[in-house]
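The following blocks contain the structures, represented as structure tokens.
Each of the two complexes below includes subunit A, the first together with subunit B, the second together with subunit C.
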Partner chain A sequence: MILSHAFRTIIARAYPRIIASFRHPSWFLFEVSLPLLSIVTFVYVLRLFDSPSQFESYAVIGGCMLPVWFNVVFAMALQLRWEKDSGNIEIFMTSPAQITWILLGMMVGGGFQTILMSGTVLFIATYMFEIKFLWSNWHQALIVFIPCVMSLYSIGMAMSSVFLKAGRAFEYYLGLTEEPVQFFTGSYFPIFSQNIVLAIFGSLIPLTLGIDGLRQVLVEGEYFTLLNWRYEALIMVIYWFIALKFAKFSLEWMEKLAREKGTLTLRWQ
Partner chain B sequence: MAIRNNNIANGIKSSALLGWRIETNWANIFIVFLVKCSKPFSVALLLSAMYMITSGPEATIYDLSWAIIGVCLWGFIQSATELYSYAIVGEREWFRNIKNIITAPTPLHVYLLGRTSLWVPVGLLNFIVILSISNYSLNLGLDINSIEKVKMVLFLLLGFIPVVSLGMFVAGISLVIPRFSEGVAFGVTGVLYLISGSIIKTNMLPTILKNISEALPFTHWIEIIRYTMFPYFRINPAPYSEFFITSIIFCLVTNYLYFYLLNYARKSGKIDLASMY
Partner chain C sequence: MLAVETHNISRTFVKKKKVKVALENINLKIDHGSFYGLLGPNGAGKTTLIKILSTLLLPTSGKAEVLGFNIADETNEIRWRMSLVSGGEFSGYGLLTVEEQLWMFALFNGMKSKNAKNKIDELLEIVGLEESRKTELAELSTGMRQKMNLVRGLMTDPEILFLDEPTLGLDVEIARDVRDYLKRWIKTGESKRTVLLTTHYMQEAEELCEKIGIINDGNLIIEGSSDEIKKGSTYSSKYIVDTASQYDIKSEYESFELNNISNNKYEILILNKEDENELYNSIRFNKKITKFEIVTPTLEDAFMSLTGRELN
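On to the complex of A and B.
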């Protein structure tokens, strides 16, 4: 019974995201064109710096992974706050569905949406810049990509309770999740070649490890890094479990605190 | 409706104060500036890292300083564009206040001018901080005595006119795209990032993009500022006439489009169409 509830909740929350991927073609175009513009810009910067062509491949991989991160922050971490402001959170709380299942549904739907977008961006960018990836290593790429996406979404789940509790002031910090994250995760350059300490700091976000691992398995040529992609995949799996545990704990704690203080349904705060 | 001059002056003053209070509400001033400046600063760091790791034998430090100046000035364009778009989204969707602003004696464009004025201090702070840190840490060779100061300040201020016009244009688009308006600023800045000559040299772009880029005042504005700041960018003459011609045309077209889109939004009932939540 509980499992059937969980599945129904997960499907119900994943459904609007999957449908939304195709509902408005202009939205899809927009979601694809923005990261693509960013990739094009940085590929031209690499050409300005007379960089070897393999760096263009690195930039394309990094740029394609960014939509996943943005979806995690804006459609996962922020979602409960938006639901609170739109008056849905009390419906969620009073329904028999657990908030963890609701977030798992968002994770499934959001994951589908971003994988579709990232794939489209990758396809266009690869064609545009005539980049050759080692597609024969697709299974290794999946071993890196899946834990990366899952760990990112689990972090999004954990962050959602923080955003819900922290209130409106926290929205200011969202600006720090865009360009600063592009720098710290080495989206457009191999960060482990720049500074190991900086790279380890950047690896607090699993996106850094995911991008690094994908570069190792998909790009031809010598690539300097700290860890082999297998270890990176393993670390991301550990991230995934820790973040899921933390998400469950923080959601329960947030819910208890918010119920006690009466702030659960207090809008615009 | 007759509007006296002091209405406009008071309108700008009070809307600037209101804009400041809205933008700095819920967080302290340090956090506001930290977050607003983090974007161009991170791009400058990103460019420096890319230069250090990826540059080939043909690249020189001049290429990096060329791009860094572009990022410094880009802070003005980015913060202005975002603030104009968010002002419309905020007034229409979050505060549901746009009807009151339209019916008030202060025109909407005057209100927007004041409401979004935070882009000037944010842009200036970006400009000074990024340039100082880059010059110190990357040894770009910027010498205060070699800067053509009067020209630099004059053209920096003149460049604000097309920046404001761009903001008006973005506000106009935001008015007619209710469901989607939050992304307008990102879209416009994303396209301009590529073609405004801020971090990519126009001669590297395909011909059609190169022509569009040279028709934009920002390309020439950024080039003039580079010229006034670094002696090694003074090999070619500064594009003064190109800047004036493109600025005049750009301002006329964008402001016309703003008024056209405002009228269209009012006629079609989109002006207060709250579509988010």
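On to the complex of A and C.
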């Protein structure tokens, strides 16, 4: 009974995100063209300096993964705030569905959108620059990619309740993180071969490990890294569980606060 | 069995270090199968009370039961059996169509997809929204959106329906449709359906509710049927009279409470029922009074007498 209700809730909440991908495809153009533009810039810079060809592959992988992060942060974490402002939270809370299930639905729907978007960027960039990936390692790539996306979404779930409490100012601060995240995750360059301290610091974001792991399994040639992709996948699974645990705790805390202080149901709060 | 029972419910809010008392010692008993109206001006505490009863808020003190379940720790039991619809609600996702929106919320409420679709067909036809079923929410007018919200609230056939100003901002015709449907809905429920309505439209409360509670500044001042509440008015009836010009009505009727409404138009309040006949004969045969009508007290009058302020 509970399982089927949870499943139906997840499907129902994922539906608007999935249908949005097809009903209003204008967002797609925007979400694909911007990351693609960054990849094009980096690839041309690399070519200008006669960099090894695998660096172009690194840039493409990073460029495809970076929108995943921003989609998680903006679409997932800030979504709950939007739901509050539009009055949806009240409906969620008066239904017998758990808020965690609703967020899982957002995660599934958002994940679908993100994969569609990143996949398109990857396809276009690969075709444009004639990049050769080791597609025979696709199963290894999935072992890295899935925990990376799941851990990022779980972080998004955990952040959503914090952002809900913190208010709109966080939106501004989030915008400011764009450049540092690009830098610390080594999106367009192999960070582990540049500065170990920075790389370890960057590894606090699962995206860094995800990008690094994908480079290991998909790009041909020698690659300097601190950790084998298998360990990176394992660490991301750990991140995923920790973030889920924190998300559950913070959502329960938020619900408690909402009922005690009216923080979700009163518009002036 | 009681659908709602509260014991000394109080609720305070703290905003910028200032404490605001929203509700104070509310004791309420609502029978199963009844239509109960909470009437009061904006800011009286109606919405706070409905939010407490619909498990969205906890009271600062006191306790309450909805359908026999405690609102503090048996929330899910209540949520399976209730619905909340608020006026001026802009919930949902603009890119979804009406039927998709309703389907989504129905699944949140534990309905199976097929059952939800059948119920959507049935209800959209009843409220006259079947032609808009494929319309995206962003394209809907306020009235249509509110009808859709009402359908959302009725999808699970709840045992108790909380309606918070459901006709707020609706034009007269749509508000009437909504009221008509609610009347039919509760009638066909075989006493298994209860509605708690908050409104600041007296006419709405009078038309729909068997029992009305008047709430002001967080206090439940009076409750009873519409007729019982009207008895709380300071006067038993009043005359609205038009007089000939330059007629000094004040000196002739100085023993009565008399108010000037407009030029040559007055109201004469009958505070004691015994004065009714005397005044009637006097007005009827007074040639300087060109026109008169007898008006009985309205809920608004009762409200003014009880609170000293206007309702709207």
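Methods note: the second predicted complex is superposed on the first by the 262 of 269 C-alpha atoms of A that agree within 3 Å, B and C clash if a C-alpha of one lies under 4 Å from a C-alpha of the other, contacts with A are read in each partner's own complex, and residues count from 1 in each chain.
The rule is short, and it goes like this: a contact is a pair of C-beta atoms (placed from the backbone, for glycine too) under 8 Å apart; a residue touches a chain by one contact, two chains touch by 3 or more.
Small disclaimer: the values here were computed from a predicted structure and weren't measured.
Q: Looking at the overlay on subunit A, is there a clash between subunit B and subunit C, or do the two fit?
A: Fit - subunit B and subunit C, as placed by superposing on subunit A, sit side by side.
Q: Once chain A of both complexes is superposed, is A:Leu176 in touch with subunit B (first), subunit C (second), both, or neither?
A: So A:Leu176 only meets subunit B here.
Q: Where does A:Lys245 make contact in the superposed view: on subunit B (first), on subunit C (second), on both, or on neither?
A: neither
Q: Residues of subunit A touched: more by subunit B or subunit C?
A: B
Q: Please work out whether A:Leu46 is in contact with subunit B alone, subunit C alone, both, or neither, and reply first, second, both or neither.
A: first
Q: Scan A:Ser193 for contacts with subunit B and subunit C and give back first, second, both or neither.
A: A:Ser193 sits against subunit B, while subunit C stays out of touch.
Q: Which of the two partners, first being subunit B and second being subunit C, lies in contact with A:Leu37: first, second, both, or neither?
A: Touch status of A:Leu37: first partner only.
Q: Nearest 10 degrees is fine: what angle do the Cα centroids of subunit B and subunit C make about that of subunit A?
A: 90
Q: Would you check which partner chain A:His5 touches, where first means subunit B only, second means subunit C only, and both and neither mean what they say?
A: The answer is second: A:His5 touches subunit C but not subunit B.
Q: Would you sort A:Ser86 into first (subunit B), second (subunit C), both or neither based on which partner it touches?
A: Touch partners of A:Ser86: subunit B and subunit C.
Q: Is A:Lys132 contacted by the first partner subunit B, the second partner subunit C, both or neither?
A: neither
Q: Can you work out, in whole Å, how close the C-alpha atoms of subunit B and subunit C get once everything is superposed?
A: Scanning every C-alpha pair, the shortest subunit B to subunit C distance is 8 Å.
Q: Need the overlap of the two footprints on subunit A, from subunit B and from subunit C, as residue ranges.
A: 86
Q: Going by the contact rule at the top, pick out the subunit C residues touching subunit A in the complex.
A: Within the complex, subunit C touches subunit A at residues 13-15, 51, 54-58, 76, 79-80, 82-84, 86, 89-93, 95-96, 100, 103-105, 107-113, 152.
Q: Quick check: in the complex, which residue numbers of subunit A touch subunit C?
A: Listed in rising order, the residues are 5, 8-9, 11-13, 15-16, 19-20, 23-24, 86-88, 90-97, 102, 258-262, 264-266, 268.
Q: Per the contact definition, I'd like the list of subunit A residues that touch subunit B in the complex.
A: So the residues of subunit A touching subunit B come out as 26-27, 30, 33-34, 37-38, 40-42, 44-52, 55, 82, 85-86, 167-169, 171-173, 175-176, 178-180, 182-183, 186, 188-191, 193-194.
Q: For the complex, which residues does subunit B have touching subunit A?
A: 26-27, 31-32, 35-36, 38-40, 42-43, 45-47, 49-59, 63-64, 66-67, 180, 183, 186-187, 190-191, 193-194, 199-201, 204-205, 277
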